[in-house]
Amino acid sequence: MGFADLRERVLDANLALGRAGLVVLTFGNASAVDREAGVVAIKPSGVPYDRLTAADITVVDLATGAIVDGETRPSSDTPTHLALFRAWSDVGGVAHTHSAFATSWAQARREIPCLGTTHADHFDGAVPVTRGLTPGEIEGDYERETGEVIIETLAASGCEPLDMPAVLVASHGPFTWGASAEEAVENAIALEAVAASAYRAVTLAGELEAIPPELLRKHFSRKHGATAYYGQPA
Amino acid sequence: MGFADLRERVLDANLALGRAGLVVLTFGNASAVDREAGVVAIKPSGVPYDRLTAADITVVDLATGAIVDGETRPSSDTPTHLALFRAWSDVGGVAHTHSAFATSWAQARREIPCLGTTHADHFDGAVPVTRGLTPGEIEGDYERETGEVIIETLAASGCEPLDMPAVLVASHGPFTWGASAEEAVENAIALEAVAASAYRAVTLAGELEAIPPELLRKHFSRKHGATAYYGQPA
Amino acid sequence: MGFADLRERVLDANLALGRAGLVVLTFGNASAVDREAGVVAIKPSGVPYDRLTAADITVVDLATGAIVDGETRPSSDTPTHLALFRAWSDVGGVAHTHSAFATSWAQARREIPCLGTTHADHFDGAVPVTRGLTPGEIEGDYERETGEVIIETLAASGCEPLDMPAVLVASHGPFTWGASAEEAVENAIALEAVAASAYRAVTLAGELEAIPPELLRKHFSRKHGATAYYGQPA
Amino acid sequence: MGFADLRERVLDANLALGRAGLVVLTFGNASAVDREAGVVAIKPSGVPYDRLTAADITVVDLATGAIVDGETRPSSDTPTHLALFRAWSDVGGVAHTHSAFATSWAQARREIPCLGTTHADHFDGAVPVTRGLTPGEIEGDYERETGEVIIETLAASGCEPLDMPAVLVASHGPFTWGASAEEAVENAIALEAVAASAYRAVTLAGELEAIPPELLRKHFSRKHGATAYYGQPA
């Protein structure tokens, strides 16, 4: 069995989703890409988090989705992950959850407005929601089409993938990503916190204006890009 | 003391309800049927989850409800469980909780609309709510009548029991079931997640349309029936 | 140091409030009466739950409130507990929490309507809320007056103390009681579950009618009085 | 490495924020001042709570913000803490969280009305919310300006810092303080409980009047000032 490091990182990312309370039962999954080897490691389909081991992680071909290594059937959402990895060359990890508040925004088919600095620390504007899939997309290659509509939605937002590392799939739930699987999970945790705050702010006070652009810019650039000063020097 | 396997499975199912946070105090109960032996094993009445042992599980006759084995009084909801097992020959386990969000929908006497794919993964449409029981039903054989109104409600939904493994009893709470007690508990966990998402989606955005039928069909059939491709091969 | 048994029971009841998540910081307190000895044991004022030992429990005189045994200052709410014990001879324990949802109903100055069977299992109708205290009552013997307004509110409800073992103090929070301190804590847990369900039912569906009287009667009498059949035989 | 005691107290305060569930990821920070030495110890920037040790705590100069001791970059919010310590000579500790409900009020840009006695026990009136920062303040010395607007808001409330130990920064989140870092954390915990109760009371019942001044006065003075009788004698 190869790809030991990649498997370990993907195992850790999936277990971190569970520890953060973002998944119940067998819902959700995290993956990482090894671009040199041309493979993606991902959670197997339908295996409970508390029994998951590195040996269960499935390794598939980035281009074709064929199983390269492992004896488990990969997550049924694998074609969605592959579509994102193929479209976005700087993304190293993807996470999908049915986390409580983010899923509620997805079910309400509403973008999450940027109402505070926690949001701005992680997402460069409102977190967009996809259009619904067409009957043809649903009946066709459904999971790949889910990836395509995420890509389409991100493109329409005008953001780069690492500046807006989350999209809500309408009537479904959130996908997040990052430079690594660990970052994808961090963004899933941040998204859920942001979705929860925004839910309560809106149910408390009705429709609210987004924060002013200079405050969004200030907080996003505190943590991202050349002028970032949050965190320890690398 | 007989039925050791059956008792263990029913103990596990009841403890799983507690671990999932679906019950407080002594509320809730799970049961399993052994159709060959013609018996049902169920949680005893009023025993706290943290003191429950396999020896406490009560075994009653499927047809008459008489205690067959065990020294405890069975759950006061036993006649409800028996009615469901008698009506539905492919059901192997039943669970009843007062879980937080599902109970709130039951108290609001509203069905839970299918607003997302997590819902569609488990329930083939809106989760129905019963009519209120009549004074005669309440004053008569109340717990059996509760079972009858669940059966009536499921029949009216046009679904098979394993395709719609949950009904909300109006002003009371959810009952779920499955091919086994373990599946009944899984459906109780899924129902609570679905009830919570739907509560927040509706309080956020007002009345929402159900997801389109092709999306419901796609997700339900990913996990159920001949064309299922979710999970590992059996 | 005397009253070892009484102290232990009161310690257990206070720790159970903490385990059930009904208190934060040093909020809340539970007490028990020993009517033969004419004393009440209660949590000391301002001591965190995680440092509480049986030796910290204060024992005071039922009639006068004077410290009988112990080196700690009793809870500042002691005069409220004493007023309830004096007024209601069948009450053995009292609990006071600032539990999340019950406190919200108290702050909204609304009774909790009986919307479901969990409510009816524990409380024989809507859980009443007191009137606000007058300036004179607040500036006078405030904690004793808090007890008097609870007694006045229960009397106005027409219920016996053990049939309605909870009252919400307006703008403050819930007091619960029972035949023992353990029962008082159980009622505090049940009240919080009931308050949470009712909050969500009402925010989901607007004003809701109480359950019909025959359903209230059925559930309350399943667990209480001569015809009770819930739980194990004594 | 010096300031061992100060570091330990600040470490404890930061870990207490985590245990109380007030922070996720690396959000939030707590600090303490040593006025004799003229230094402030504070959480380092971007270090996860579960890896934090006393050696990671950064010690900076109270007047200039320059690092005095430690090898880590201090929290990016350090200039906010310093501004508060400089303005308020009786404040010994400051805490900043993105706690769930308090952040939602901040995002709704609403003060938290005093709706109950838990609120009155800790905060001498409504917890104020700042105005939004101007573009100039955001683009200038942003974190120091955040401190200045907190100071301005507290002054406008007419309260002394230790009588109103919390302000919500609009579109951001809460800052709390106290005579020590431990008290600052206690006030952060109390604020979150108060914010949660008030959220549910207002979403349940609409706009609510604050409690009468005599009840606010009674509860605040039970715990604060010369006539306090809550807690154990010092």
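So that you can tell them apart, the chains are marked A, B, C and D in the order they are listed, and the count of residues begins at 1 in each.
The rule is simple: contacts are C-beta pairs under 8 Å (C-beta built on N, C-alpha and C of every residue); 3 or more make two chains touch, one makes a residue touch a chain.
Just so you know, these numbers come straight off a predicted model, no measurement behind them.
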Requested in this report: Starting at chain B, figure out the least number of steps needed to reach chain D through touching chains.
Outcome: 2
Report task. Would you mind naming the chains that touch chain B and likewise touch chain C? Result -> none
Query raised in the report: Taking each chain's centre as the mean of its CA atoms, which one is farthest from the centre of chain D?
Result: B
**Report entry** Shared interface numbering between chain D and chain C [over half = same, under half = different]
**Finding:** different
Query - Angle, in degrees to the nearest 5, of the Cα rotation that carries chain A onto chain C - result: 180
Requested in this report: Could you grab the centroid distance between chain A and chain C? Build each centroid from C-alpha atoms only and quote it in angstrom.
Outcome: 46
Query raised in the report: Cα centroid separation between chain A and chain B, in whole Å?
Result: 32
Query - Where chain C touches two or more other chains at once, by residue number - result: 203
Query raised in the report: Which chains are in touch, pair by pair?
Result: A-B, A-D, B-C, C-D
Query raised in the report: What residues on chain C touch chain D, complex-wise?
Result: 24-27, 44-47, 72-73, 76, 98, 100-101, 103-110, 132-133, 135, 138-139, 142, 171-173, 199, 202-203
Query raised in the report: In their complex, what parts of chain C are in touch with chain B?
Result: 20, 115-118, 186, 189-190, 193, 196-198, 200-201, 203-205, 208, 211-212, 214-215, 218, 222, 229-233
